[in-house]
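Structure, as structure tokens:
Lettered A, B, C, D, E and F in written order, each chain numbered from 1.
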Amino acid sequence: MSRVICFGEIMMRLSPPGFQRFVQANSFGLCFGGGEANVSVSLADFGVDAAFVTRLPDNPLGQSAVNELRRYGVDTGDIARGGDRIGIYFLEKGASQRPSKVIYDRKNSSFAQAKPGDFDWKKVFGGADWFHFTGITPALGESVAQLTMEAAAAAKKHGLKVSCDLNYRKNLWSPEKARGVMTELMQYVDICIANEEDAEKVFGIKAENTDVADGKLDEDGYAKVAAVLAYRFKFEKVAITLRRSISASDNQWSAILLDRSGVLKSKSYPIRIVDRVGGGDSFSAGLIFGLLNGYCSQEALDFAVAASCLKHSVEGDFNHITAEEARALMEGDGSGRVQR
Amino acid sequence: MSRVICFGEIMMRLSPPGFQRFVQANSFGLCFGGGEANVSVSLADFGVDAAFVTRLPDNPLGQSAVNELRRYGVDTGDIARGGDRIGIYFLEKGASQRPSKVIYDRKNSSFAQAKPGDFDWKKVFGGADWFHFTGITPALGESVAQLTMEAAAAAKKHGLKVSCDLNYRKNLWSPEKARGVMTELMQYVDICIANEEDAEKVFGIKAENTDVADGKLDEDGYAKVAAVLAYRFKFEKVAITLRRSISASDNQWSAILLDRSGVLKSKSYPIRIVDRVGGGDSFSAGLIFGLLNGYCSQEALDFAVAASCLKHSVEGDFNHITAEEARALMEGDGSGRVQR
Amino acid sequence: MSRVICFGEIMMRLSPPGFQRFVQANSFGLCFGGGEANVSVSLADFGVDAAFVTRLPDNPLGQSAVNELRRYGVDTGDIARGGDRIGIYFLEKGASQRPSKVIYDRKNSSFAQAKPGDFDWKKVFGGADWFHFTGITPALGESVAQLTMEAAAAAKKHGLKVSCDLNYRKNLWSPEKARGVMTELMQYVDICIANEEDAEKVFGIKAENTDVADGKLDEDGYAKVAAVLAYRFKFEKVAITLRRSISASDNQWSAILLDRSGVLKSKSYPIRIVDRVGGGDSFSAGLIFGLLNGYCSQEALDFAVAASCLKHSVEGDFNHITAEEARALMEGDGSGRVQR
Amino acid sequence: MSRVICFGEIMMRLSPPGFQRFVQANSFGLCFGGGEANVSVSLADFGVDAAFVTRLPDNPLGQSAVNELRRYGVDTGDIARGGDRIGIYFLEKGASQRPSKVIYDRKNSSFAQAKPGDFDWKKVFGGADWFHFTGITPALGESVAQLTMEAAAAAKKHGLKVSCDLNYRKNLWSPEKARGVMTELMQYVDICIANEEDAEKVFGIKAENTDVADGKLDEDGYAKVAAVLAYRFKFEKVAITLRRSISASDNQWSAILLDRSGVLKSKSYPIRIVDRVGGGDSFSAGLIFGLLNGYCSQEALDFAVAASCLKHSVEGDFNHITAEEARALMEGDGSGRVQR
Amino acid sequence: MSRVICFGEIMMRLSPPGFQRFVQANSFGLCFGGGEANVSVSLADFGVDAAFVTRLPDNPLGQSAVNELRRYGVDTGDIARGGDRIGIYFLEKGASQRPSKVIYDRKNSSFAQAKPGDFDWKKVFGGADWFHFTGITPALGESVAQLTMEAAAAAKKHGLKVSCDLNYRKNLWSPEKARGVMTELMQYVDICIANEEDAEKVFGIKAENTDVADGKLDEDGYAKVAAVLAYRFKFEKVAITLRRSISASDNQWSAILLDRSGVLKSKSYPIRIVDRVGGGDSFSAGLIFGLLNGYCSQEALDFAVAASCLKHSVEGDFNHITAEEARALMEGDGSGRVQR
Amino acid sequence: MSRVICFGEIMMRLSPPGFQRFVQANSFGLCFGGGEANVSVSLADFGVDAAFVTRLPDNPLGQSAVNELRRYGVDTGDIARGGDRIGIYFLEKGASQRPSKVIYDRKNSSFAQAKPGDFDWKKVFGGADWFHFTGITPALGESVAQLTMEAAAAAKKHGLKVSCDLNYRKNLWSPEKARGVMTELMQYVDICIANEEDAEKVFGIKAENTDVADGKLDEDGYAKVAAVLAYRFKFEKVAITLRRSISASDNQWSAILLDRSGVLKSKSYPIRIVDRVGGGDSFSAGLIFGLLNGYCSQEALDFAVAASCLKHSVEGDFNHITAEEARALMEGDGSGRVQR
């Protein structure tokens, strides 16, 4: 069984019930999530030996995050404990024309306070095959950016395949800051993953004929974006997910994958949304799973898109979809008929 | 008031809240359901004197099933008590491309353990007008199949009209086994009800130009299926419900009805699904209600399709729709405007 | 900051969870609502100094209604306390072809028992800019109709702008009764608001080429209705909201506004409904806000339609949407993309 | 099987979750209750053929009340349907020194609007053995008092045993008014049931050495009260329940029973309260059950006290305790050890 | 009506349902609380014109805190908006021998970031009668300590009565640090309130014959503590609450009050705990209310102890008890008998 | 870190909310439990390397059981997958005089269907220090009894310490059957644990001066029972837990421990019960922990009693108490004061 290491922050996610707005809430549903943690859980659900590396406070809330990862089979043995607090994000679920709203309260989290020396990379990467991180992690501050650099370099040195989801977050850093740090990190990356906005926001590479706010996405425009990325950073593969947001309730979902032989396109799925947070992460997990298991590029892409399509029907950040379920959709059964 | 006897199993249904997957659940919503029980409750909601006959354990869980039937006005006076356990089924509600998932835990239930002699058919059918059962009941084991045969024969002998919903369940028996038992039972049946898959699965009668998994259903193909069924088993009427499954969230719903004068078609309804379990049963109840009340075939079909269309908007197995509500839709008001 | 006075009843609203029917309910969600109360809360959410005037019992349930208004910033200082009970309405949420259902239990409420002298209109209207009421209030009985007349006359005398939402409710009075009372009230009204049915039900002014039950609404027909209303009652402006009800789950929503320069039309929004109660009230609030803030007629109309479109995604009667959110939609971002 | 007829009002009961106060509530738990309805359900749970007679509105809320009675096996065949509304009571559960609080909203209910002629007493009492009512019913208004008189007289005429729980409610009528009406009704009563306050409030018969508010109850004082009652109204038996209220969380519970041979005392139970509403009604049901089943006076008293002791551990107005469970406690097992 | 100003922090409180431990939680109940906020709400519930002054972030979570205060009638007009986040505390409710557990996550809150100049004390104290703060506020950091000093000085200058609840929190500062800051603040304080631990922790004044951990509290020992405090800081009055903690489920609650005439003792209440957080704050509110309303010292003490006794039966930090309810208990009705 | 192997069944536990009776339930809370599983989780919570060995169905419900064990850190690597179903038990929580009620539905579970060969004992016990099982496991059927024998013999052979909790369950086997099987198993046992009933039920060794049903337990009587057990089966140690059941809400809890030096007694704790299921298992875990960590007999006993006392305040079967918390209680802090 292949072993994948994910490094990043896991936060407590608090959401009002149903479609209540924040100002109406009298309780919060509690789950946990974060870009790389979501990838690790999805991989574990697929049967991969996935480990998640982070830093969490040594209190029952930090323990609950560890427990939630263990529950779904993620190896938490290299999680450092200490610091002040677990990062929190509040999620208000949107509907129809009303967008979902996120309030981050992640500053000064135990992970954001992590420092070089908190992790023993040699031990972490021993026996591992793949390292995954996202652009959120280096955005959390100088120290964490430094740790990410250390980790990526160590992973490369240990011979792991390295994937990165660009995942630009405007409330964490500016495009200028992001470009500097991410450019340096890209030297270690083999597989680059992005969504319809990231390449432009981070590297200034804009897709032609596209207006994200209007939901107009041109696949050929993104093929060029992928090619520019691959050329500039010598990536082995570049995947770009394409979300056409019709409303907060309905999206259209597809992706493209560039490899040495050219650009491949996936099927496009019309989605009734249950929970779209973690959609991109579930794509990353699907792609890593496909590539680790020797799928050809088209299969890996199709699997990743099917898995992430299904994520949108699952509550919470984590994608609780088995590899069999993703394959069933990828092979064509999207009719949603009751299975009994 | 007409009296209808339904015979079969009622199970405890346990479902995670909302769209949670089984592995996420920390609680289960509890309701009760089962093919023939669903028909009896729907009939009672229409104002019919409906009785449900089954066997339940003599413990508070069995009592809760009895209570739920009584709550909605079903006569439970002929329910036998005894045996080990109430059958259970677990339902995970699907959405978009993710199908609903059912896990049955009904083996060795009090009903599956029922034996000839447990029911006094003469008393049961005294003063009754109609007997309804489904293909699920004889599939529960030799002994229950024998009981079903006894019941159908007794009903016929007492002059009741007999209806059967073929309702093939692949996890209960093989097509071969089903064909043998069901063929024998068909001699007692006047009104045969099937869905888009049953005739093929049970009797090997395939609809032309149809691919159920793809959602392509050809009404003319099913008209032929109905005719073959009617011819082979000398049915008075054959009804076939047609579900085009666009996704777990959206279905298209209609039916056809064959009587001596030919094949009638219903309106087709686009449905946003709240809970589709029991959809077919609510059609059976609607059809029985219409025929018992002297509706012409087209009216009975339209009523049955309208009632079962509305079922998809009701939580649980039971169809809590009044005859007035079904008639309002059948007569054209499907706009869903607030009633105040 | 402008000050708006709303006068009417606020009721306790009790709803079964999710899509449960009344006969399935084991608990009720509790919120509060009522035509004019909804307008006052929406205005307060927009930052307006909104006051709500009513009469409530002097018990903890009446207090809870006061508290809910205060919670969202509405001035409750002129609410009279006394009488027997708070009005209640029970709401069963519909889906797909099944309409929502309302059961009113508002007879003999403290407000319906209100009598001339219960309110000091001079104090109420002192320093205020706008008075709003709906056709529900005078329908609650002779005494309340008399109070409404008093209030409207006093408002006019104090120089306030007066708006009225016709809001015909067939279970409260007959069209004949309504026409008499409302005709008399119209002399005080500057801004008349109606939905696609009100003008016909109250004043017998029917839109051409329109069948509300079928969802066929002709905008030009309604332009003529607006013109007739304006001409007959010398209104400064007439706004008509147009709801095309495709099903209980999906509506199409738009409005027209007649001012001295002619008839303006809004964008039409396709809506996935979370809760449509209070949709019209949120339009009134949006229109009042726009006009109070010096928006031109087209802007005021567009703002009102955007705000009320968003209301349909908010649970409860109240529209918890900020002016910024309504403006964002009005200016074009209806993609529902996550805001983080 | 003996048949018992209970006549009175059943209300919708709405309670905030847990120990929330009314002003904190965002939802209400829903159940149904009312003095005589509670008795009928408890009797049905004991296996008695119990019928409940009332009047309920012909809407889904009235239907839900019928359904809840049917659910627990009560015969609802003589319930009249019509009128405006179902009575409601709001219950805030107390704890420690904070008392539970009830807000009634039962005026103008369908039952309070009932009129002579609404019930066919001959049909109701045909084949019945026992009639039970409480002092709440005649307190609901002139018309209902008249109906109660009719019913009691008819029951007597049909040879039924008649029991009455005095159940004085100060918010429904004055002691003077109560005394007049109740005195007249007592002529039909065989078994009189009262709590520690009723005899004084209704008939001015005060127990010596007792201060209810202080929790000081003197059994001998109550023995004299029982004797005076029996002497004045020629009762066959008089039972008085004695609640020593230590706090809203802890009560001490016992009763005395006067028959021709003298005064019998029960064991006294210390109770941790889950829900004390309906405690007295469950005593009435226990006493009726015991007497119907030929228990001697001491046994009937002990059974009634045990059954009603257990009621305090059951949520809602209804006492869901089987006769076996009450007998087990009466015979001594109050240790509360897990039964498995 | 008297006007009371409270200054401090209001936090979001998140608690697992019922008695779940943190590691079991899948949702959190949400309410708001904080020493001085609790006092302001309790005073508003008593009918006092209470204002709460704090600083909250300008996002929906900060708005929800404002809304919750407004809901219960607290004046929020002087609350500053800005900064990063609302403080949070997590509460796990204990039972029996298992203590409740609090995890604070309040560092870097908007209030902790407040700076001199954020509040216009002249405006705040204009027209006010009383100023209340607790020892928690100056413990939040240098800047907030400075603000507290400013506020107390300004209040004194404006002629307000000043009360302070010492409220020592060991996780916020050391005894040494506390003693320095609090000593300086005491010059402005008229009424000093403390619990059984504060005087020792903050000022080193230990009660004789007392072991808090053992639940042994000697009233005479505390009388001396009060006297030493009053003498040292020239307080007008000193009140000390005495909690004998038998277990997390049962406490004994009383208080003493020292005024110029000597030491007064209250009744001692045995309490079954629903929620003990805010118990001390509800005592402060009761005492302030009594003194503002001209109660004599014994009455004020008795009222404060009764009100705070009742607080332990109310969910959340806030004491939703009316003055009438507190008086009823103070005057002797602690039997918890249902009020209907 | 020591490694402990527990072998037995883990069941799905379904409970109505709060104090609802089964016949009132509309939902079930879901958790997992079983004698040996409870021990393994409690040990993992103490920081021990605990493994649980069982057999579970290969479906999402079986997976959820695995997940719940992993969540709390139990090693699930040796759990066999297969068979028909997960065992279920339904728990109705009692209060006051009403006992908790358990309905088992565990027949034909995957574990009960387990067969020799399903587990590789050599692998299971490699590197382990302790083996624990209870009398429930061999009671599940011939095949499982055989497996238990295999396991105990193998554990002994691998040099593990073996503990057994007698845990007699009358609904699983007769005393005669139990005696035969258990006698044979005792040859492998070093540490025998029993409750106040087990020794009599299984081995016919009755405590003098004791009536369990009455709550009268004589410690000296149990000292003799322990001595007889130790003598008969050559146990190294015998521990007996003593539960005085005052009511379903209140228990008194203590234990005795016999070792070579004599009989030791623990402190006795009065307990307000939150959830008493798993109380005995938490004692076993505490004892194993103490003995593994070199505590002297008295300390081990005190730790075990403190840990299991605290269990009664924790919802669910599992004891989520840390070793620090148990030690704090054992060292004397039972006052339940808030920890902040």
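Here, contacts are C-beta pairs under 8 Å (C-beta built on N, C-alpha and C of every residue); 3 or more make two chains touch, one makes a residue touch a chain.
Just so it is clear, the model here is predicted, and its values are computed rather than measured.
Listed by label, the chains touching subunit C and subunit D alike are B, E.
Think of it this way: of A-C, B-D or B-F, only one pair shares over half of the C-D contact pairs by residue number, and it is B-F.
Each chain gets a centre from the mean of its Cα atoms; for subunit A and subunit F, those two points are 42 Å apart.
Chain centres here are Cα means. That of subunit A falls 62 Å from that of subunit D.
Multi-chain contact residues of subunit F, defined as those touching 2 or more other chains: 21, 23, 26, 67, 72, 101.
In terms of inter-chain touching, the protein chains here follow a pattern that is not a line, ring, star or complete graph.
Touching pairs of chains, sorted by label, consist of A-B, A-C, A-E, A-F, B-C, B-D, B-F, C-D, C-E, D-E, D-F, E-F. Every residue of subunit E that touches subunit A in the complex is listed here, in rising order: 14, 21-23, 25-31, 59-61, 63-64, 67, 84-85, 88, 90, 92, 101, 103, 105, 107-108.
Of all residues in subunit F, those touching subunit A in their complex are 67-68, 70-73. Every residue of subunit F that touches subunit E in the complex is listed here, in rising order: 72, 269-274, 309-310, 312-316, 320-321, 325, 329, 332-340. Those residues of subunit B lying in contact with subunit A across their complex are 18-21, 23-24, 94-102, 104, 169, 171, 212-215, 245-250, 276-277.
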